[in-house]
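Each chain gets a letter, A, B and C, in the order it is written, and its residues are counted from 1.
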Amino acid sequence: MIGKRQRSICKTAAFGVASALVLTGLTDAASAATIASLNKPALQDVTINVAIAYPAPPKAMLAAFTKSTGIKVNYSYIQWDDLQTKIAAAAEAHTYFADVADVDWSKVGEYYETKWFTPLNKYFNVASLPAQYPQIASFIRDGELLGMPSDVSLLVTDVNTKDFAKAGITKMPTTFSQYQADLTALQTKGIVAHPLDIPFAAAEGLSTYWYETTAAFGGQVLSSTYKPEFSSPSSAGYKAMAWMVAAYKNGLVPKGNLSLEDYQGFSDDQAENLTASVFSDYSGDVGTVYDVASSSKVVGQIQYIPTPGVSGPAPNLANPDGIGIPSTAKNVGAAVEFIKWYDEPANQAAFAGAEGSSNSISGFPLPANTGGLAQLVSSGKVPGAAELANLAEHHSRAIFPAGAPPWYPAFSNAVYTNLHSAAAGQESVASAISAITSQVSSLGG
Amino acid sequence: MKRRLGRLARVAALVLVVVWSVFPVYWALKTSLSTNAASQSTPVQWVPGHLKLTAYQALFGAGPESQDAAGGIARSLINVTVEASGATVLTLVIAVLGAYAFARLRFHLKGLLFYGVIATLMLPVYATLIPIYRIMADLGLVDTYTGIILVYTSGFIPLAMWIMYNVFMALPLSIEEAAFIDGATTMQSFRKVALPMARPGIAATAIVTFLFGWSQFIFPLVLSSSTSTQPLTVLLAAIDSRNVPYTIINAAAIIAVAIPAVIVFLLNRWIVTGITAGGVK
Amino acid sequence: MGNPHLIGARSLVRGRRDGILPYAMVAPLVVFIGALAIYPTVLTVTEAFFHSDPLTPPNHFVGFGNFSAIFANSQVRHSIENTGWYALFGVVLTVGLGFGIALLLQRPFRGRGVLLAVVILPWALPGVVEGVIWSWIYSPTFGVLNSGLKSLHLIGQYQLFIGSHQIETILLISLVQVWQITPLATLLVLASMQSIPDELYESARVDGATWYQHITRVTLPLVRPAIAIAMAEALVMSVNIFDQVYVLNAAATTGSSLMSQTYFITFQDLNFGQGYALSLFATVATILLSLLILKVVYRKVEYS
């Protein structure tokens, strides 16, 4: 009656629970051993967690790193927005999640205030960096180096040379009015129905597009004390926003772009020959997004041009990615080694495609340092590299002269949501501008 | 004649229901098996011309467009399986024990405890996300299977317990009463009589819980910092960015839905039992 | 499935001394819920009344300060209004469709089992994945919805469905969630329909009722409890909608929801105190609304 059957049910349940716990226990025993080994003084057999928003470096290169330093790399490729969530969650809970993590140019102000990342001044000779790293300024705040640049990235203008030729435009526009006229010509001659590519989704890519357009109109969005410089209708920022919204409403931009984020916009429109120009594209898209035969219809047709400003070439704003060491990191020494390795000129050049696409990182812009840039240019494997290197070293400046404000994400959110609403016709440009202005003042600008 | 029309209308309606349920998945599948050019044609191709496995190859690191996001897909499949299964086993054990007590036993605080547990069903994710992260961090369980399983379990228990409660309540008292008359203790009655009769309900709860575990997104996003524990949903979010071709994004989506789809088609009877046991008073 | 109205355990343990056993059986349950659900919630509730923002330390008590700040924020107000629409569409469409499909599946027929499996499919898939799949369907450049409508000559050129108009955007995003949770409503109503005795339909037929009257006079009143529960569950899920909004609407104000707004306030603006406050508001609203629905719609049904 009672006995075998109930015992066996009991046993099964117990077995189930036990095996589940054992399974997890085993894996955790393994990771516990790893954590224990991190406290060893030598760097042998150390494992670090790296969380960056780009795909991992080629396996062979990582293996070579492990072989020469003894450091194993546990690499996580996490999408940018999700990665920021994780950084915030871990930091707020004061817990460890990675030894090396993404430090975006836009977060440097925030990290300076919150102290979520360890200053790197002890490990890198800050005084010598500006000569080697064109975009280092974005990562230094009040003398503190909060991350090392992991690439050079610019906001650049590119055009489809074939479409321009078809419209009879032989000389590339050098001023903004010429650019505008050329776009109109493309439209009226029927070459491209909606020639301008602006990704109008309410996301970060729209904000940076506006900053670059503001630079083309001859101004900047925030002063060095973070006061808004776009509030008056005669200011560069106001005019830039008005121009972008009008371009959408007048059909210069495809209607569908209201829901496209930056990369979607570039691969859906420009790479499909549905548009002829991106006014504020990301450096590095030529050679990658536009030149992969299986997914692009415009291979070989897209070229960078100096950004046409209202009175001549405009600066190309810098939006570099960086890597840094969270304050909760467990093995700072190994993390530093990894950063140094990642930034080695030869490796940077390889990531950008100097050794062919099989040994590169998909979507990687330009090498972070002059050494890497030089190697990339001389390899001749990446189209447009020479022009970009030139722009990066001589025509680029930081988006904010004083570095990104600590409340940058909230500011950018105000920018892209209001700019998006204005384009969608839900509010006027004037009310969008005043909404952003009041947000800046409530944030402390 | 009227009957015929009525019949026809019903069949038409059923066809619509099937299309409505299946079409999006079909569409993702079709896109994942097309070439990039074909997937972006206007107008669309309803049936793929040439079937290409390049998208899947790319996800697993082979083929010309390799997108093997740091060896992610295979590992994340393993992760999600371990996490969902572990949470299911643990949840079941705890929920079944508790549900039986609530259904069959009398004790002080029963009402309070019962409604306290059920009330947590109403909590949105953010009510507990950061504090839970803190707790797991203090216990050193971030980015471990154990930590994730414990958190999942705490989230799945209320519903599992509610379903099992209804299952036990629906069992005829007479058989258990007979066992009592025969001198069985409560535990013996539980193990020998109630559990076997409740097996379908337990199976149903297990399947429903497993499916919930498979779908988790926000918690593992925050609790799993590396490929060693991150599940497929988190990886899919990572892939759905940058300029990854739509064929590959859809291929990853299909991989993410393959197992739940198989479970639905093989085990739908149990799922139905589980859901209805959870809903009907 | 047994008598649905089994009254709970009373006689079973009368006169027995189980003593500590019930507590032992519920102990693991209570520990888990206490430690990982109740305790964190208490933390959240208390932190909602503190200024908690790593950009401007230290944390300090602000009473209702967080609440007044979030309600003064126009983006939050938009998201509250939007969420009202999400709830409306979510509940009406889910329960309406669920009831309709349950009607179609009410009587057994060949292949009903397979059909049931097909109907359940969307419910079993992760929300994030569904968001991705549907965003491809809605694509303004390559989407099949555009292509289909154009081929049927219902639209002249490809439309932008998501993002330009508030109600249209919300409806289409809500549709993805409806797609996901309708199976739940279907099953709840269907199960309840199985308990309806055939005699009632028989007598209705004898009285000369049309099929429409069969539904309104017999079915509907008797499945009312199931409908109430389906409505309450649809309400909770639509008020908390996040995954689909995150994928299809990102950070735009047009289709934002309470939960997506909470996410951005917490993880982007890093204003954790306000994030907790908004979560608390959402929780309380959800509980009150579902209790309201149950109060109004639920009626106990007993078969003698």
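Criterion: a residue touches a chain if its C-beta (ideal position, glycine included) is under 8 Å from a C-beta of that chain, and two chains touch if they have at least 3 such contacts.
Since the model is a prediction, treat every value here as computed from it, not as a measurement.
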{"item": "Top chain pair, ranked by number of contacting C-beta pairs", "value": "B-C"}
{"item": "Remotest chain, chain B as reference, centres from CA atoms", "value": "A"}
{"item": "Euclidean distance of C-alpha centroids - chain B vs chain C, Å", "value": "16"}
{"item": "Intercentroid distance (Cα basis), chain C paired with chain A, Å", "value": "36"}
{"item": "Touching two or more other chains - residue numbers and ranges from chain B", "value": "40, 93, 130, 237, 240"}
{"item": "Contacts with two or more other chains, residues of chain C listed in rising order", "value": "141-142, 158, 263, 266, 272"}
{"item": "Junction residues of chain A - those touching two or more other chains", "value": "85, 89, 92, 272"}
{"item": "Chain C - residues contacting chain B, complex", "value": "1-4, 6, 8-13, 16, 18, 21-23, 25-26, 28-30, 32-33, 35-41, 43-44, 100-101, 104, 113, 115-122, 124-130, 132-134, 136-137, 141-142, 144, 147-148, 150-151, 158, 179, 184, 187-188, 190-192, 211, 225-226, 229-230, 233, 236, 240, 242-243, 247, 259, 262-263, 266, 272, 275-276, 278-280, 282-283, 286-287, 290"}
{"item": "Contact footprint of chain B on chain A as seen in their complex", "value": "1-2, 5-6, 9-10, 13, 16-17, 19-20, 23-25, 27-28, 31, 49, 51, 55-56, 74-82, 85-86, 89-90, 92-98, 263-264, 266-267, 271-272, 288-289, 292, 294-295, 362-363"}
{"item": "Contact footprint of chain C on chain B as seen in their complex", "value": "6, 10, 13-14, 17-18, 20-22, 24-25, 27-28, 31, 39-44, 93-95, 97-98, 100-107, 110, 113, 116-117, 120-128, 130-132, 135, 150-151, 153-155, 157-158, 161, 169-173, 176-177, 180, 186-187, 211, 214-218, 233, 236-237, 240, 246, 249-250, 253, 256-257, 260-261, 263-265, 268-269, 271-272, 275-277, 279-281"}
{"item": "List of chain A residues in touch with chain C within their complex", "value": "84-85, 88-89, 91-92, 110, 113-114, 116, 201-203, 254-256, 258-261, 268-269, 272, 274, 406-407, 409-410, 413, 416-417, 420-421, 424-426, 435"}
{"item": "Of chain B, residues touching chain A in the complex", "value": "35-37, 40, 64-65, 67, 69-72, 82, 85-86, 89-90, 93, 129-130, 133-134, 137-138, 142-146, 149, 182, 184, 188, 191-192, 195-196, 221-222, 225-228, 230, 234, 237-243, 245"}
